[in-house]
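My structure is below; once you've seen it, I'll send some questions.
Residue numbering begins at 1 within each chain, and the chains themselves are lettered A, B, C and D in the order written.
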């Protein structure tokens, strides 16, 4: 499927968009002369400093290529050979990373059904019955997604409670933060308030869905874990030789709150879209809108008409639930045009 | 170690350089509107077509992030659970990919000592004694590097002979082509003449060391193997979501022979450097110069003086062998300045 | 926990029992002179012939040490790097093999909730939506347990229907037959009727729980798969050097229907136990009794009293469900004594 | 290849022999009534106590099925995801375990050529250059075989020196002790003198080649490592359900010095065989005889004649080196008959 210039704005994913101009400028600006490979360069140092500004002085940040890479490198720091990860059954690591957790890490995913994509402390404690039993995989890490795959967010208190439940039993807390910026924007807090400040051990900070060309970070808050990152990043095929161009993107996002501007705008567009569906007959929201995703349930015929013109993903074929995503470059006009077309389709 | 603007040209690696302006322009040009993620876009289609032009109509090319990623995805197509790879003991997959072959593929590397980084057919046939013995890893793939890690090249005939030896015993031939362009430039042949035309089954085609920001390709010549690439690329953390920006780089290299211009220039600069050492007392070449690398042996004191000003890698500390690399943007002046400094150091 | 001679019969597991005297005699008889290692001996040949008699001439049987080993070797024949196994969420491979499937095979387990431990064809077809999607693990094998972990059995027709559903979509059918003998005894059919005759591709045939000291077989019905067994068995640490002593056990079980006698007796004792609980107040059966396991639900106080004297496992602490198992050497008196004690405890 | 009763004594391997009668009696004696599964039984407790007597009170011993299993479980305790093992290139883990180290552990084997199968401290220190370099596998464990695959032994001092060299750089020392008993017998020391007393961290203690039916132990001397064994043993398919029958064998070997009697006898028979070749023209010893193996080099015609009557392995086809092994049940008559036939063949 190819999109040409006559196609309207995509609502399929925040990775259908291009690169934010400030970030692209930063890439171009980094193309000056030689620089040592593998991160021993000015741009990477700058990124590391900005990460400490954003996440706290204990935060060690490591640039990688993509979200699955950030998850696998981050998780590999905390998992031995007979361990398990407790996560929502909708977690990206469980559903859309092609079995990387099982093959690359060799661990079991103890998946938990949830209503809204969010784990509760009881989901942790109720799954620890096999600890100490050599016939069972040993849960060692709790992994949550912030924003979740259903577009919902954990409050700082909710994360703190999960961290407490995990740590109380010797488990660590990992956050898949492919859309961490959107969560902070929604929660109206800084990035540390949902990571460093509430007991997270390792998390990823996504850039690609928030305007980067391709850049994610693994952030480690426990210094005893950070030592292994360079080795595991290299071995996991996530070490960029010309790293300055990845670091420059992440630095850009962490400068002048670009991460926040982009995420807040995308969130606002999703809210506008959700609000606009309120009076469209037959359309209901499947989950609360707390980020840049709108999950809506609507009749199959309406979906079919809308699809003739717009790109978006089906989420639950049987239920008639679809996902509409906005991005840093979605405009109010894009949303309003989409809503017009939705209304027409719904009333046809 | 950081290089600032007062530093002279780096001779450390072809990944110390930045991005070729034509390739950077292509990245910037790809930033127009939305495009489907994961390769379902115009730029990726264009790259796939250009790869068929360059490597033959049977060539299926897949963009990945980096060289180790290209090697691991390519090799994983041909290896089962109890298999082994025959390769030179200097092979990048054996020495500098942090054990990715062992951990990610789970296979044994049957490493062969060589004089010049190159395998011979007899190196294959002499290592097949364990075939059929369930106590031994089964050799299934021969992997060579073109250019080798010692800067040498295989002629088309040499590759054909290796392919024949491999195929005769049911093994497949893989080429780590991180510097394939430099080899073709040195051999004065097209890219198909050292891949498709001589029996290679799977190879990588490197862009990053030849002027790209970060882009490599896995190229599969056996259609029965290509089916698995999308799955293994995704699982191996090598699938770019905004793939158009990777594909645009590879397309650029395959357009108007940019790959050849860059590589031929880098090779010429290495040759100029090698030639210039001929009359420097105490400096000898360790290997034939057949690409953009010069391996030279010289007194420790001379190395030490040179290091005060230049970046380059030690290759064999004990022997006093160092590696000097050139790139697409190395100029004759860079080389001549370096030679001047070398001469001064050597005669001090 | 140690059992001394004053302890009554264990109802905890069919691996608490010792070795059937005929099998122990066979081990002793195999201790005559030298024999080639690793299976190149008379006893192993005899076992292979008897396996063909029992399972059909196409059956290739391979002796291994234990049940998890038989499962991992058998499954590894059919699974690539990005594959998944569809199985019941109660499956032994999912719950009690310490994550071996994930670590040793590197694959995802797509676990299906069931009422009675048994998969239905619809459980297969409803989980194939991700086939072809490179972001998802690809289901390649359906694995069922016969007897299931809940003591229930699949009829030959039920297995045939699963095989058909699996094969129709290109998947293979694996049977964890740790208690295959008990299933055949319950179903009153021969071993081929629930394996070779109904489309199973690979299965295990358990000896240890049916009177052996420690012996299981991997049986492969698809000749294209059998070639890999010797390599994977060796690599999976399941190749006995003095294999004659393992083969002799399996031969013994397959001679004069010892497998059937042992299993039928154990099943009969479980039925006697189940029947005896019918008129015990407060005790109900949790699952149909179709093998040598009785799952009963009873008050916590009764369980506590019974535990003072007997060994058995809790199955569902919250529900008050326990598992009582019988074995080849459980006698009617053992059962009746147990029932007496149960009645006393229940009426206290 | 099958051996019948008319065949003479095998000189092929110490796993061609059967079970020592005392050990077989112990197995039969363990077949009394019920016992908890997985090691929670009297026989296993007894074995654990005897292991402490033999190896020291800090020694935690765990029974497993076979030698490769003992190696993989033991090594897995000490190796992370990006680690490497330094070992002789003749090491069993490198040559004859079907790539289990690479697949099951995912680590690199840094193999060292040796003259006599023995590592020297300098072999360790000279391979540590890549420590700290994220592009290279990190050496973490030194693994030696005692007896080596060439029949030679390390003295206590030699092991102490290796342990010191390893520990000085943060590596641990593992011993593959499939024939540890033969080494102690040759060195005329107790088992602790070559393990606990000289800095070994983890080792295996082989029973199968010394008269057991099939029983090996993983012995852990560092208590911080022992905690993981139950999990890794289970996951590595090395946990016997009816463990009493494995433990009884190991207990037997550790009672009344049976391990020593068997090993000393086998060694003496090898020495008798080696001595007997002294005056056979054309026959030379390839390695010092320090255990129950004789490596001899002799003319191909002599080998061919001998093979018509005797089973033994070729070691180096080109060099004409063969391996003759003795066992606990090899008699002086067996050896003398063999020597007679050798002399006849050599003088033909």
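Basically, a contact is a pair of C-beta atoms (placed from the backbone, for glycine too) under 8 Å apart; a residue touches a chain by one contact, two chains touch by 3 or more.
If you're wondering where the values come from, they're calculated on a predicted model, not measured in any experiment.
Trainee: Assuming a repeat means more than half of the contact pairs shared by residue number, which candidate in B-C, C-D or B-D repeats A-B?
Mentor: Within B-C, C-D or B-D, the interface duplicating A-B belongs to C-D.
Trainee: Farthest chain from chain C, going by mean C-alpha coordinates, please.
Mentor: Measuring from the centre of chain C, the most distant chain centre belongs to B.
Trainee: Suppose each chain is reduced to the average of its Cα coordinates; what separation in Å results between chain A and chain D?
Mentor: 51
Trainee: Measuring from the mean C-alpha position of chain A to the mean C-alpha position of chain C, what distance in angstrom results?
Mentor: 42
Trainee: Where in chain B do residues touch two or more other chains at once?
Mentor: Residues 81-82, 97-99, 103-104, 106, 134-135, 231, 234-235, 239 of chain B each touch two or more of the other chains.
Trainee: Are the chains arranged, by touching, as a line, ring, star, complete graph, or other?
Mentor: Graph shape, chains as nodes and touching pairs as edges: complete.
Trainee: Using the touch rule from the top, collect the residues of chain B that touch chain D in their complex.
Mentor: 81-84, 95-99, 102-104, 106-109, 134-137
Trainee: Flag every residue of chain A that touches chain B in the complex, lowest number first.
Mentor: Per the stated touch rule, the residues are 1-5, 7, 9-10, 12-13, 15-19, 24, 27-28, 30-37, 40-42, 45, 65-69, 72, 97-100, 103-104, 208-209, 213-214, 231, 234-242, 245-246, 311.
Trainee: Sort out for me which residues of chain B touch chain C in the complex.
Mentor: That would be residues 38, 76, 80-82, 106, 134-135, 138, 228, 230-235, 239 of chain B.
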